[in-house]
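Two complexes are shown next, each including chain A; its partner changes from chain B in the first to chain C in the second.
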Partner chain A sequence: MKDVKCECGHVNPHGTVLCEACGKILDEQETNKQLLDMRYEGSARRSQTYNKTMIDKVWNFFSSVKVGVWLIVITLIASIIGTILPQKMYIDLPPEVYYEQEYGTFGKLYYQLGFDNLYGSWWYLLLIALIGVSLVICSLDRVIPLYKALKAQRVTRHEGFLKRQRVFGVTQNADKSDLAILKQHLVQKHYHVREENGNLLAEKGRFSRWGPYVNHVGLIIVLFGGMLRFVPGMYVNENLWIREGETALVPETGEQFYLHNNQFILQHYDKNKNKKFEKALAKAGNVVKNYQSNVVLYKRTGEKIPGEKPKLEKVKEYKVRVNHPLTFEGYSVYQSSFRSEMNAMRFALTNKKTNQSYGELKINLREPKEKYDLGNGYSVEILNYFPDFEFGKDGEPTTKSRVPNNPAFVFRMYSPEKPKGETSFVAIRQTIEPFGNNTYKMAFRGIETKNVSGFVVRKDSSLWLVILGGILFMIGVVQGAYWNHRRIWVQNKNGEIWIAAHTNKNWYGLKRELEKVLEETNINMPEDQLQREETDKEGV
Partner chain B sequence: MVTISSNLLFAAFILYLVATVFYGGSIKAKKDPNETKKTNKWGSIAVFLTIIGFISQLGYFITRWIAAGHAPVSNMFEFTTFFGMALVGAFIVIYFIYRSTLLGLFTMPIAILVIAYASMFTRDVTPLIPALQSYWLSIHVTTAAIGEAILAISFAAGLIYLVKAIDQTKSNKRTFWLEIVMFALVVVLGFVVVSTAFSAIGYQEKFTWVDKHGNEANLEYTMPALTGPHEGKLLTSDGFKPLVEMPALINAKKLNTVIWSFLAGFVLYGAIRLILRKRIAAALKPMVKNIKLDFVDEISYRSVLIGFPVFTLGALIFAMIWAQEAWSRFWGWDPKEVWALITWLFYAAFLHLRLSKGWHGEKSAWLAVIGFVIIMFNLVAVNLVIAGLHSYAGS
Partner chain C sequence: MKKRRLIIRTVILTILVAAVAYTLYANFMQDHKQKVAVGDQAPDFVLTDMQGTKHRLSDYKGQGVFLNFWGTWCPPCKKEMPYINNQYHQFKDQGVQVLAVDIQESELAVNQFAAHYKLDFPIMIDTNKEVMTTYGVDQLPATFLIDKSGKVVKYHTGEMTENDVREFMEKIKP
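Up next is the complex of A and B:
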């Protein structure tokens, strides 16, 4: 395609509407308009120029802000739908049960349409990806021509350009001194003033034009950072349960780090100590004040030898609380939940008739002993132990897991009367005596529990990208929103002073500033041609 | 301390009310229609009262902070009052840019309504659960509220635009929807009126009812129950018998409050219409006679431009930093988070429509209205109905 040479001598790329240098209208259609479309300086944008190949078509599609806005609006509506019912990750029942049970037919439909995991669905992610693509193409389509046009602009402007600015005015008989005062005022207002053959171009805030592009780059980086999460190794998210007094390997650390849980602490607000919350606590009942695990972090030293206990070196002690995670080498350990677990059970060997006790035993549910000697010829043997007891399919007792959720025992009780022993099956709230009536029983005396801290272990290697993107985004929006790009042309045409002004936003402010700048001169305040048009209309 | 604090808030509330009257006066007293730059005496007094009121409310905020030991933005009452204060603060800032007392006449009633609405919730000083014990609570919530308040100014300006631009001599879609906006504001007033009235007489009735899991529970109404709970049994002997019983899925108590608010809203609105003998928007029209359309349009756009970055910083960025610390993930698709995203997307769309499609003037004003509806939905419905991690819950 051919470049276009303007009468001022500047060579413009094909597709240019307004000459980059002098602003002369190069596109015939534009000459009929009363006011110019100044949005991208009438520069040659690819999307407005080429529309032949497939690539052109795709480019043009995505560079349209209309398409961009539609994508944003569709994403917005989809997001709303996802908040009508709780998402899958926030429910604790299987989704196929939950939605119908809680919300009836509507809930079932919601689940069947896949809205239970809306934000993780392929089409939602696709929408976000499309916004990203649109963002890139849209910005590229505009920023480069805009940059070139603003760089190439000259002070002296074509008459047609000036006349068709929104703010424009002519003063017949102004003199040199007026211009000098004007120029001085402009400099005082921090305008960058250029002069050429007695014509002025005062400009400020051009950098604000780059704001949108900076913020779009920031957004792209955030999206990219979010995407990296799907790359293996970039993102660690594991649950870790550690019982009080125990040490566990921190997952995904290459078997480098170990965490020892000294103690879990749960604190509630005390009505008497916190007088200021008295009323609120009286209404709400118990309110948790603190979840805390006192932990020690260890690092393995030396090689790992299978089957051998690793050598550990203490790194630090820390109190992990909500809002205060433990951090080390890119990992963070968060206090996320807790549970209490049965730790030990106490029984007393008791004569069923007399209810006389012949000694107590405490069974550690993690490591029960085989035999407990109670003295005086009394002792108890554990024949079998089911930590998580249930009856199996064949009717025989089995255990679901190694976790002592529902302990059951087969005891053999020895006593002077029954030196051969009696057998008893004891589970929570039931006792079975398989070989007929016993003389003795194991009377339940109590349970000891132990707290288990629930931690979340995280490592997010792309976090810094998200942070960087966020910062860039903020810089970009502030740059584009809190400053604006103003230009004032003061030109000598046929012995008259022509003034035209343009801003990308905030016309009211521009006009106020013009009034200030023109004070003490005989130059007329230029008119807002758009407003005149409107008042003309209103008058009709 | 808490008493001093409440008194300061009350003083601020009264000052705002009086200021509104003066804003009204400043519009009436304007003689020269071209004299837009200088504020007249009425207007100066109004602005002065607004500032004093704002300082008084700032006093409320600080004293309550001292009393509670944490920033008072942790429950529905505190957060909503803060939003009201931010609204007044945002107006003061915008006032000093554009010097429009008319904007005050439209903003102050909204701020007053917001604060009155806030006061209907329990005003106890509440303790913080562990997740909220972070200085990010104050940073995030205040910045987000300030951003929303600035965005809300665009609603006030948009409303002025619509009142002026819409021809009230013919009824059509535009007059209808504008009147719906006015009606919605009256319904909020209705809520305040019925809540105050019933709590003044100390109305209470107790129920036992069966929830959706089949468990029996107790429930206490503070307004006569028009909609009763599922299988509810009225325990209070002289209590009002519910007209209809709700299924267990629906929160009958909240629905009851909504119905009462609408009833009161209808009565109030009917009364207003009887007195005015025309639409509220039509009655407001003489007030906006002297303002230029493109001037309010610019105020509206400008407030979005100023508010958008603040909102982004507070409601998204600070929120993400805090979420990373408290819940180990900076983004978790919790309803409140999603609604912040929705608000943000909406205003992004607004800005793009203005830039590219030239949606200035009336279209832009309608968008400002929708934006405010989203913000209010965020504040009211998301907190009270769509409960999430952030929910201040309560009733």
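Up next is the complex of A and C:
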């Protein structure tokens, strides 16, 4: 594993194909070729040469572009599979039921293989992470030798190097003045010209060689930003439901912020006010114009333990509308949904025969009272309350949950005629009198509803990093795509003028530029050796 | 040279592996997060019971606390509440306190439930689910066993038999 000293005196790392300084071919195999492989300047890609320790072996594995491409292909295939059926977070039923029920055996298999949460699965994350690792190592392994080789290159180049360039030509008797003109033209074309013993190296656009690496740095930053989302506090995406008139803790704010919902507003387009769209509105029915929640943001002052009433300080009032979130300290509260909930029921204590009412009562379904006094000896007691009523397995009335979806009551009605009271079971559209015929009934008078605003609380502290990565990515693409790295060697060899040229892309452009540069001189236009080869073959 | 190369490669690979390992770990923890785990100090809270007495968890230092989250509508709760009540009578003089936290229900429902099952231990309502959120409870019933130093000894979800309740209380007896 020794370094290689070239005859020009430059010391190259082991594995170098072309001397970094003069371009002499150091690898025997390469001398048999008509043209040089100029990728990475024939520099020594370390990974290809050192293979001693475990670390080297791992390094070399990831250094392979082939491995990188395979990782990308596998990730792509996995991503495609994830789009075949809906992912877990978009379904309402438990996944073990849903997939088989909706998609049969295929669905069951899909679930069993863990594709129901593909993009959050450990192996998918691992694939992405391995692409990241491959990206870092591939780039490092190429950019450093390339940088070194380009930095070490000398003006004077080895004959073998020049001869094997794709664009190459020899001019027998050129004038000194021709060289001066040529140099002047090159400078006009914005070439950076270096001179050494009457030899020229004109170079431009070297920075375009860094394009892919800038692009990769951008990609790695994006991946790093994605990783930051897993750091607690960096990324928040939570739902928050608040009833009108209530205050709730904003989740993931460290119990710091509270939001009070004053009112939810739903507005529709009015057919009569929007004459122009009358027909369209008639056809489409109700079209929503605005979803809005009028909220007040509070901040907690002082310490607080859970269960205690917080001391709050008003921060600001805001009208949260779609696309107009309430923002504070990196958090955004978006209007995302709403629902209407039963809030209160009204009944009238009524004589069944005369239909005369002896007073009305309003029952708050979240906090019903035990007793409602209607005056004049009339009162109603709630013996039992079932917010989400159903008949249980034993036939007894029971409640499914605490949410008042289907309220039912067992009332005891007291009146001067029945001072001991009468019992009545009342549910929506249903009345049962368990102990025979009652004199009084609870006549249903109406339902009051309350709106509940649905918010999404979002915070993404990694966003700026992702944007930065995206910008770098694009800069890298532009840098590598819109500029080319062109080099023209003009060298004195045995009294002849040798011209060789190389570009990393757009050979046509290079040749055209050469034609322009060689105008007004007697120097021959060099030949494209690759094209000649091809015409030779075609001739045969 | 060779040594330096090895060191640089090792450092870079270590950083990459650490980043990948952290991401996978964080992703795993997101799926399996338990806010209050066994061995943790039980977070303090204050709630007022149906008789108007304030109960602060930290006031029960030196006693075992049987912290039960429940709802009047949940069928397993209906079954286990009488058991808890029986065992409460056995253990209350031995330094075990029962705190039953109802989640977001009306006073009427809770009072009627307590009267129906003749429950004697302190029952309190967590009106805006603050304590429930702090403890990371998502399914009822859920029981935390807290020892005399305020540490969580056990977390149990789902229904308990009377035997379970007795064993649990025995565990946290100071």
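Just so we're on the same page, the second predicted complex is superposed on the first by the 456 of 540 C-alpha atoms of A that agree within 3 Å, B and C clash if a C-alpha of one lies under 4 Å from a C-alpha of the other, contacts with A are read in each partner's own complex, and residues count from 1 in each chain.
Assume a residue touches a chain if its C-beta (ideal position, glycine included) is under 8 Å from a C-beta of that chain, and two chains touch if they have at least 3 such contacts.
Predicted model, so just to flag it, every value in this text is computed and none were measured.
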| item | value |
| --- | --- |
| First (chain B), second (chain C), both or neither touched by A:Arg366 | second |
| Partner chain(s) touched by A:Tyr482 [first = chain B, second = chain C, both, neither] | first |
| Which superposed partner A:Val322 touches (first chain B, second chain C, both, neither) | first |
| Contacts of A:Leu281 with chain B and chain C, given as first, second, both or neither | first |
| Touching partner for A:Tyr334 - first (chain B), second (chain C), both, neither | first |
| First, second, both or neither for A:Gly377, with chain B first and chain C second | neither |
| More chain A residues in contact [chain B versus chain C] | B |
| Which of chain B and chain C A:Gly446 touches, first, second, both or neither | neither |
| Partner chain(s) touched by A:Thr53 [first = chain B, second = chain C, both, neither] | second |
| Complex contacts: residues of chain A adjacent to chain B | 39, 65-66, 68-69, 72-73, 75-76, 79-80, 82-84, 86-87, 89-90, 102-104, 119, 237, 269, 274, 276-277, 279-281, 283-284, 287-291, 321-325, 332, 334, 336, 456, 458, 463, 466, 470, 473-474, 477-478, 481-482, 505-508, 530-531, 534 |
| Residue ranges of chain A touching chain C (in the complex, touch as defined) | 1, 46, 50, 52-53, 55-56, 58-59, 120, 122, 125-126, 129-130, 132-133, 136-137, 140, 224, 227, 230-231, 248-249, 251, 305-308, 366-370, 382-385, 387-388, 398-402 |
| Complex contact set, residues of chain C against chain A | 2, 5-6, 9-10, 12-13, 16, 19-20, 22-24, 26-28, 30-31, 43-47, 56, 71-73, 103-109, 111-112, 126, 128, 130-131, 133-134 |
| Residue numbers on chain B that touch chain A, as the complex places them | 2, 67-69, 98, 122, 124-127, 129-131, 133-134, 212, 249, 292-295, 298, 301-302, 305-306, 308-309, 312-313, 317, 320, 324-330, 332-335, 338-339, 341-342, 345-346, 348-349, 352-353, 355-357, 382, 386, 388 |
